[in-house]
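Chain IDs A, B, C, D and E follow the sequence of writing; residue 1 opens each chain.
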Amino acid sequence: MTPEEILEQLKQKFGDAITESEVKGVEVRLTVKPEQSWEVCRLVRDIGFEYLNCISGADWMTHLEVVYDLSSLQHPNKAHLRVPVDRDNPVVRTVTDIWRGANWHERECYDLFGVRFDGHPDLRRILLPEDWAGYPLRKDYTDERLVPYTDYGMEEKVAKAEGEKAAPKEARSLQPPTPTKPATA
Amino acid sequence: MEKPIPIGTTVVMERTGETMEEMYVNMGPQHPSTHGVLRLMLKLDGEYIIDCIPYIGYLHRCHEKIGENRNYTQIIPYTDRLDYLASMSMNFGYVLAVERLMGQKIPERAEYMRVILAELQRIASHLIWLGTFGLDLGNFTIFMYCFREREMVLDLFESVTGQRLNYSFYRIGGMPMDFPDTFLTDCQAFLAWFKPRLPEYDAIMTDNILFQKRVQGVGISPPQVAVEYGLSGPMLRACGIKWDLRRNEPYSIYDRFEFDIPVFDTCDVWARYMVRRREMEESVKIVEQALAQLPPGEVMAKMPKTIKPPAGQIYSRAESPRGEIGFYIVSDGSPKPYRYKVRSPAYVNLSALPEMLKGCLVADCVAVLGSVDIVLGEVDR
Amino acid sequence: MAADYAYVGFFLVVGVLFVILNIEILSRIIRPHNPNPQKLTTYECGEEPIGIGWIRFHVRYYLYALVYIVFAVETVFLFPWAIVFRELGLFAFLEMMVFIGILLVGLAYAWKKGALEWA
Amino acid sequence: MMIFATLVERFYAALAAWGIPWIVPTLVVMVIVVSVVLAYISVAAMFMIWWERKISAHIQVRYGPMRVGGWHGWAQSIADGIKLLLKEDLIPTGADKVVFVLAPMVVFGATVAAYVTIPWAPGLIVRDLNIGILYMVSISSLVVVGIIMAGWSSNNKYATLGALRSAAQAVSYEVPLVLSLLGPVMIAGTMSMGKLVEAQSGRWFGVLPGWFVFPQIVAFLTYFTCALAECNRLPFDIPEAESELVAGFHVEYSGMRFAMFFLAEYANMFVVSAIATTLFLGGWHGPWIPLPGLPREVAHGLFGLVWFQVKCYFLIFVMMWLRWTLARLRVDQLMGFAWKVLLPISFANLIVTGLVLILGKHALLYVGGIAILLLVAILLAARPAARTVRVGERT
Amino acid sequence: MTLKLGIFYFLAAFTVWASAVVVLGKNIVRSAVALIFGFCGMAALYVLLDAEFLAAVQVLIYVGGITILLLFAIMLTSRIGSTTARVVNDQVILSAIAAIGLLVGLIYASTSGIPAMSGPPRLPETAPFLGRALLTTYALPFEAVSVLLLAAMVGAIVLARKD
């Protein structure tokens, strides 16, 4: 089965749920609405993607995103599912009943991004202590102990050497506006 | 920070039909055989394990958050600290991901260097696993034997990189410098020494009936469970599934070498032991072939001073000694990754531990945990 | 005879005294003594112990002890037999074989019933 | 060495002549004897600890202690002892203090008491008790009680588990152990340790030394296996399995209290080796020549002393060798082995021995033959298992 | 003989003390530990009576077997950590009467010169004597013992494993 055929099959069944789709090499890339993510996941599993590589989170400031990377042990195709969820009320249905290995991945995503997985058997923090406040991998997470990295002028030097206009300290608006403090604070 | 579990809960045991109190025992974080700071809470019925709850995170350092605040080259040393027993493989996986994201080709010689170092690293990593596994089962001597050979690998690495544990030697676009002149002969000498050592390990471990009794039929994870949990590496191959990224999704130049993928289908600790034991032989084969084919030439591609991959995202995976090391990188075109995520093999493998432990004895717990081959630096990130 | 056992008693007492001498006298003089509540907690791999360490145990341990006592009593009878065995000859041997045989039946029963299994 | 007995008698007589009540010289002699034995235990245990470290090191291609004291770190054990003496003594708050304190005393006291009837050399035995071997067995059952006391009183789960394992293991291995000791007792017709050694003075068929190990090889191997279990040595060290139970029953013991357990463990190793030497390896027997300038008796005694030590330490060496070669068994396998393998074997040995003794002395030949057959059978039974396990490979 | 008598009184006192702890102790495991000392004291008393074999058997079976069995039983049946056993039960008066009766009987027997209580013939070694007696004079009771042991084992297994 080619990736295109897989995509076709998915689109037939869940045309409305799939907002974006793309085939890149052997990889099928989909963006799925959170309401139907579980159904899509189950179909994807039934198509042959029985191996869940990873569930990652990502914070796009406007929304959070849960990313499922799937592959198969039978054919070389891969699947890359992105499920955007609301930032203020991030809920998505758990896939632990599809892939049991999703358990810890979802706990990690909950721990670091605060995405709640509906129906998860044991949704607790996993890497951070239970009493930790906040979700560190969100871009607006602040912590007085967290010292944003500065390049100590390295990028400017490089830019000068290359004869470009020295870029000011990166206008990445996503950078938390935290004052620089000594690491020992 | 867990709430204490009330003691004295009376349950009816399915197996024996007897009513008795459950006992909770903490194993770890301060325990000689949890391979670091892992904590398992064991629910026991006498010496049988009813349930096991792993608590991880003691080594958590928010690797991914750090990664988002460093530029692509600067992340390399942090990847060393993921799996500190296989830093080369971690480096390899990471640079591979970035190169794939950039579409970067690297010089031929650098590819060979990468494979040689990664396979030597696999040998070293399996050696330390074998040694500590023996230690878990009460066999101290194998530990020393394995460390003797591992030291030699580390000597080789030191001659190449100047480091013995955290090498940070792979670069995006190639390798920072060539092998030293002595490396080829040293490496061949090591292989010549190492090959006859493997039967010695067999004599003390594989053929020892006490060892066999301890590992056979213990900690079973059926293939179905293994796939559902997404186990990888030797854990998956011990379930009779012939799956190795070096062969099934060839990266770098692995498709140029002749080697077997050892597979056992008993699904138990013994199978995992045998897979890793056999893999050392296969790695030796790969290194030998790579040394023979090693082409001359540059080791570093022409790279920009600041690495800025095009905007996009990639999930790239490679076969580390512990299984599938995946890097999920989202680039926004800036010198720093927008999102940087590590899918660590030991983390996933460990998540299946409670499944494997149910119904085992306390003594088996140590053997099963040893067979998972965890490195907490990678689990906790 | 009994005088021989004066030595046994004496050895026992001196063995205990030796321990007391080492722990309570010699070592007490030179060792530090700074206890604090943290040091004096029960070891449970660096975590707060869950509940007490005195746990209820499984019946299989009890079964081993039971079977042991039966066999221990038997061996006690075997010792006097072993000493006089050569002077008493065949009759004593057969007598003991009957004795052992009856007990081996018990062992076979225990084996079959799974009292020797660890499960 | 009868010379000691003579000396002691003269001492008694001299003091009696002075009109001193007999209790005084008796006590003096007792104190001297017990001091010598305690000194021997301490020195021998320290030597064994150092020796074990060296043996393990050389098995593991390293050197072991090399610094303390100069030559091959011979003073390492002394340094360790001093260190333990200087360690803080901690008794956990949750522990049952009385029992906690009593436990090492019971263990060490029982171990010391076992030295009463070890036959060191001809005539050199503290007291040749007429129930010698039975006494040895019963006094060592006290050690187990001490271990349970230690484990239980710690109020620690690992310690409790270790203690219970230890008790279950001890009771399981006690039966085949005692049964295997019966073989030599049957042949010699005595339980006294001294007489057991004397009974081995002859020769088998005029060639082999008259040690009971030859007709009783099965019993010897059974005994040695059980002895490993009784001493909690690998592969039977599950009561203190450090990779599972951290340290087992003595996990809460620190400093000198721990040192006493440690000392008793090594002293116990010597005791079980001494029993094996006495019953199976001919005790002090061995080639000897009269030394010039010494009475015959003294020379014989000196050689005997040396032979006894050599045999004992050889067995101890084997124990250490096994420890650094083998992996640990699991508790269920351990129990199964005791009840299902060792117990039937030792019963069979008992019956065969009795049969042969009834049929006549010449039949000892048959015993040897049957023993060898049994051994071969055991080895054959063990071998295929080692091979068949390789199936399942599917490359 | 005075020394022997002194030792006897010391050992008797020790045994009585240990037994008192067994009966009166509130902590059930400590009672078991005291029982060990009581058994050892008994063994020592046997030695004083020149019955070394019996003493060794006492230690081997009672200390090495019965107490371990008791400890297992204790750990099997109750919450040993916190609970304290009730020391006095309903039969206290009844048992007191029985004990006092036994004491009176023993005192009477030992002072009135009943032949059986005047002491056994002195034997150089008890074990061979025992062996001979068991295998010749008392052969039948001896064999009966094996049946008894068999019954004990079967009974124990049946009771412990309800299957």
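A few remarks follow.
In this section, contacts are C-beta pairs under 8 Å (C-beta built on N, C-alpha and C of every residue); 3 or more make two chains touch, one makes a residue touch a chain.
Keep in mind that what you see is a predicted model, and the values were worked out from it rather than measured.
Common neighbours of chain A and chain B: there are none. Distance from the centre of chain B peaks at E, each centre being the average of the chain's Cα atoms.
Among the other chains, the CA centroid farthest from that of chain D is the one of A.
Two chain pairs, C-D and B-D, are weighed by contacting C-beta pairs, with C-D ahead.
Centre-to-centre separation between chain C and chain E, using Cα means, comes to 17 Å.
With centres defined as mean CA coordinates, chain E is found 29 Å away from chain D. Between chain B and chain C the centroid-to-centroid distance comes to 45 Å (mean Cα coordinates, whole Å). Rounded to whole angstrom, the centroid-to-centroid distance between chain B and chain E, based on C-alpha atoms, equals 60 Å. Residue positions of chain A touching 2 or more other chains: none. The set of chain D residues touching two or more other chains comprises 129-131, 134-135, 139, 152, 155, 157-158, 164, 167, 171, 174, 191, 246, 331-332. Multi-chain contact residues of chain E, defined as those touching 2 or more other chains: 29, 52-53, 57, 60, 64-65, 68, 72, 75, 79, 81, 124-125, 127.
Residues of chain E that touch chain D in their complex: 3, 27, 29-30, 33, 36, 40, 52-53, 56-57, 59-60, 63-65, 67-68, 71-72, 75, 81, 124-125, 127.
On chain C, the positions that touch chain E within their shared complex are 1-2, 5, 8-9, 52-59, 61-63, 65-70, 72-74, 76-77, 79-85, 88, 91-92, 95-96, 98-100, 102-103, 105-106, 109-110, 113-115. Listed in rising order, the residues of chain D touching chain C in the complex are 30, 33-34, 37-38, 85-95, 104-106, 108-113, 115-116, 126-131, 134-135, 139, 152, 154-160, 164, 167-168, 171-172, 174-175, 178-179, 182, 185-186, 189-191, 246, 251-252, 255-257, 259-260, 331-332, 335-336, 339-340, 343, 347, 350-351, 354-355, 357-358. Interface residues of chain A, counted against chain B in their complex, comprise 50-54, 56-59, 67, 69, 73, 76, 78, 80, 99-101, 103-105, 112, 125-131, 136-137, 146, 148-149, 151, 155, 158-159, 161-162, 170, 172, 174.
Across the interface of their complex, chain C is touched by residues 4, 29, 44, 47-48, 50, 52-53, 55, 57, 60-61, 64-66, 68-69, 72-73, 75-82, 124-125, 127-128, 130-132, 134-136, 139, 142-143, 145-147, 149-150, 152-154, 156-157, 160-161 of chain E.
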